[in-house]
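Chain IDs A, B, C, D, E and F follow the sequence of writing; residue 1 opens each chain.
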């Protein structure tokens, strides 16, 4: 009986991997974090999201486009969450090295295209640097963050603030099947360190500035947003839309001829 | 006769610096790049912008808020422009180390707040990582990019695409006094490596994806945008608006009590 | 309903982690690899073993000793397996940094003792270096490899060679529930690059030398050993014995007063 | 109207740089420092000198030898000056990386010869290491310090001690147009940490030893030397002589066929 | 008169080295430590052993196999001995870099095979990582520790515990000619940090665990073992047996055709 | 019987080192190279010189000033000699790390002053950087090169050129007891890559420039200078004078109270 998830690198033997790598040259690396997500969501929320999105996208694409999904990178760059117990943070350099090593290893086996399924904004700078290194080594690379792919729908579906463990994130994680301590959810608008200029939400209108911060400057609970309004059905719809758009994009990416570069 | 720009660290003697540092604890580090900006703008366009914005902001704030402006960091992270002659790129790690060293040196003399005046998007990941290190060493830090501070006005004033050496950037650089080879300006809409999914402009509607790229995937001239429509008067107005908003923000930042952190 | 595995850091909210960290100061980090294990075992065999042993040990200890199990490190140092498709290798330095970052993060939340549950021999040098750094930062640290803990029983239970994806490893992984492609199992004694001096087995009698090698110097299939003789029942017994001994040791370690150091 | 300084990389567009790079393969990188220079000279004195010498040399050479002058590296390795306010120091490693990155970028565009115009002795070890790396990458490299090039004339023109912000340096900087707070100039012979063995001057007769030091071991004012005797006319003559010698040398260097190496 | 030790790289001129390198492609790098060895043995005991074994092996092989012996690496990775005066420790990274640099330099001159004669267990992780890097650069590499090569004879000849500056090591060092302060020798069984699980000896039966440690957790004198029973005659016999086995192995290694890899 | 060289750290037991460290806080680290020295001098010439000077100085000072001499660093930074067989080069970074690690280890045992006895000019940049790091960690540090200490006498005693394996160096090494293949000595004036500007000697009059170079640009034999004129008696006198001056200096250094810094 074949694996229920035929795209999982982890569960292939090497001859199976070898065979699959004659059919495809694209791999998805899910990258999350181990960081506080308020009193209702577990520390692995980002990791869980990254993995679920990677699985859903690969499932949808299979067998038309046979992407490979590598093992999850469970840890991310989360220094701003360290005041909250249980958070683990990598130095940015560590995540860079980790993703570069994974990418270069895959390239040796014939992978030519890397999709990093990233679910933690704090990882973005390190991933940008890592992927540039991989690009310079000949790989086509992209990082994808679900909330950016569906930013239009997010704004239609959920009220601000959009920040962390908020209505949007709680809904999506819940919709994806994450453990949610429902009674622990809180609504917390988020303090503003400099009123009017450091708004506690994504998609804020200018002028908005982003000083480096610890989460404790904005919140005591770890949540910024209205987790009580979270709705798994809405989350599922948003997740579904994100998957759809990613699938459409990766189909085109898979067809690119990167040899011409 | 005192210097015409009393905020320039470069032109102070150490006793002057010492005296000023009893009155202020905030410094602006301008960070640019040395990278191609199409056939009409010189390689130092980002560096020039960063310096001009830093000067303008410091001038406006003085003497109410006495910010210090450090010497320009002329080089940035520009690997994607390397196919164009004259471009110089730092590895991301080099820029991180450079900004960290500058920041830690300033901190030893009493600076507690760092504003990085960044005019090159390619620097953002490295600067994020550098500033986090400085934050962890006790500094309050922020990076500011003029086009983000006035994104609303940019969209009202200039037509898309907004990308590189375009109508917006040519106007602003020109308005700030940059050398512009007017007859060399070109309009170039920018190719799309994956049609519909990798749009050659900022502020694109979702779904939009950002694969790692070399500029040559989008343009042959180095310009993406309509430089022929550039207007220095409009550029000056936008720059003025950006300065005004930065000034208002830095005034508030200067008043923060970071010791409580 | 509480999590079925109450020791999983990943599935705790931060207030849960905080509460648990008032009761315990010991954490288990499972570290595996993503590397070929012959034609019958998947690439995640080491990772799977590390996680299963960590879970079994933590389960047995709970609630007498409440150890925390962190998310799995799925990737290890496997350059010698790179000729086989699908293998991913980290540079030793990357694994060092990764484990150091995890350890230092845990220490900030009150963890004082780290058990690395390592199931891949190739990780040992990097882990030794990482754990020394953590020790120098004040942590008590140990790495545990199941086959060393029960080397006596292994020698009684299985025939040599003991090397990779062999009778011993296939039995234990199988006994732990790993996917095994039974019909694909092979017996492969392993070539000897220098006859009589580089024996293809652990526990070889002196004189035995260990030159640096790629697995292809010893095997074409990726297996060295007799995987066809593998028996999940035997594997389960060995695993059970290893868990028992680890549990006894960790109980004592948990009781150590490391403050006196 | 062409730029008044046709050798400035900063002010070229990329097509201009491309055209120039078909005519020349030599570039000058000015490297200075941001460090205290006593009560009369500003913090940018070394940077100012480096830039002025680079400009003067390039001007003199043009158009016979078309050297390119890159943007200034304003920061250097100045830990020994850190006790004086306003000083910024890079770690040696940072300056190494910075110069290597600049050099390798230039090499990609066809530059084959690098002249580092260095005006700060504290940079020398880092620059030596950086230039060796560039040499190993195929570049011809040299670092030039003006006071070494005219050491004979310096000894004839100025009295010792020759150390920092002294008669020699104040004269030359002044002669080059640097801001000088004339009334603030001081004469300070410099203490000797170990009398007779650690003389506070260059060109000291043996036995002379050079322990690592902070400037505060030698001076309270930041000056070591007789700045009151400084004479901009003498400085101008020395600078002129240095430029002349550098020009003669670079002419020959430009004619070298480095391909034979 | 030729050198009495014709294999010493240090004492060759470069033309002699060049000539020899046409006849051989194998080199021995002795690596020791500078660390406490109890009250009877000097700090260079490991270094002395490494050098003596290298010399003895090379002498025995010459001229049948002309191995080159490089200068001694006197320093090793000894953080666990730092509580004892005089110990010098390298960071693991430093030893890695050092051995890599030596190996790559040798490779440039035609060396294809590296034998690291290591006499300090604490060096093993760093050496493993260094040699893997050299292997990846095309070299055949092996590290050899004398006590492992004759583990069978050690167990027959000396009583446990086998740990540090014990009967075994004192005998062998003495037999090789090391300075021994005979009257200072002590017998010290070694404490067990976790009784029954962290036995103070090599070759302990399972279950045995190896937490990271400082030597002071096991001993106050620096000795763990029975140095008073040491016997130089026995030590000489063991050393002789180790040399014999190494010689036999290196003869075969020298005959390997590594080009086929 | 006490060691004939009571200052050798290598030959002390740890209690002996501990006792000595209550009487002194100064240590000498000899640093050499393993690099070609022409056809007459062995590859260890610099290392041999460093060790001999360290021994001679320590002997002369004992017991008035009890300096400690650490084990020799046999390898240095010699990339420019790599075209000659047998040369081993460290990257500058490796030597920096090595010396820093040694220095920090000594500091933990009470050493407060470090004298690096360096006999290879190519090491100077790396040593400068290493010693600055140690200085910043609280140590007093100096590097000493014998030819600089007696530059006046060298110029009186030997004819130019002074460069490498020349009359001066051959004489001194010979005078110190180095193996010299007398019949192999050569006189080689040294080519000048840029005639009149890159003179093949130390102490050249300005204008003199020092491009980065490989020795092969100056010499085919590896010698630059007149080795045939070498005279061990003269060498001995120069060495003696250098030792005398070093001894006088170190006596004063030993008396410094570095705690006041």
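In this section, a residue touches a chain if its C-beta (ideal position, glycine included) is under 8 Å from a C-beta of that chain, and two chains touch if they have at least 3 such contacts.
Only a predicted model underlies this, so the values are computations on that prediction, with no experimental measurement involved.
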{"item": "Touching subunit A and also subunit C, the following chains", "value": "none"}
{"item": "Neighbouring chains shared between subunit B and subunit E, ordered by label", "value": "none"}
{"item": "Repeat of interface A-C, chosen from A-B, D-F or B-D - more than half of residue-number contact pairs shared", "value": "B-D"}
{"item": "Of all other chains, the one whose Cα centre sits farthest from subunit D", "value": "C"}
{"item": "Geometric centre distance via CA averages, subunit D-subunit A, whole Å", "value": "48"}
{"item": "Per-residue multi-chain contacts in subunit B, two or more chains", "value": "93"}
{"item": "Topology of the chain contact graph, where touching chains are joined (line, ring, star, complete, other)", "value": "ring"}
{"item": "Going round from subunit D, first to subunit F: chain order", "value": "D, F, E, C, A, B"}
{"item": "Residue ranges of subunit D in contact with subunit B within the complex", "value": "3, 9-18, 21, 34, 36-44, 47, 70-75, 82, 84-91, 93-94, 97-98, 101-102, 105-106, 108-110, 179, 181, 184, 222"}
{"item": "Residues on subunit E engaged by subunit C in the complex (per definition of touch)", "value": "79, 92-93, 124-126, 128-129, 131-132, 134-136, 140-144, 148-153, 193-195, 197, 205-214, 217, 245-246, 248-249, 252-253, 256, 261"}
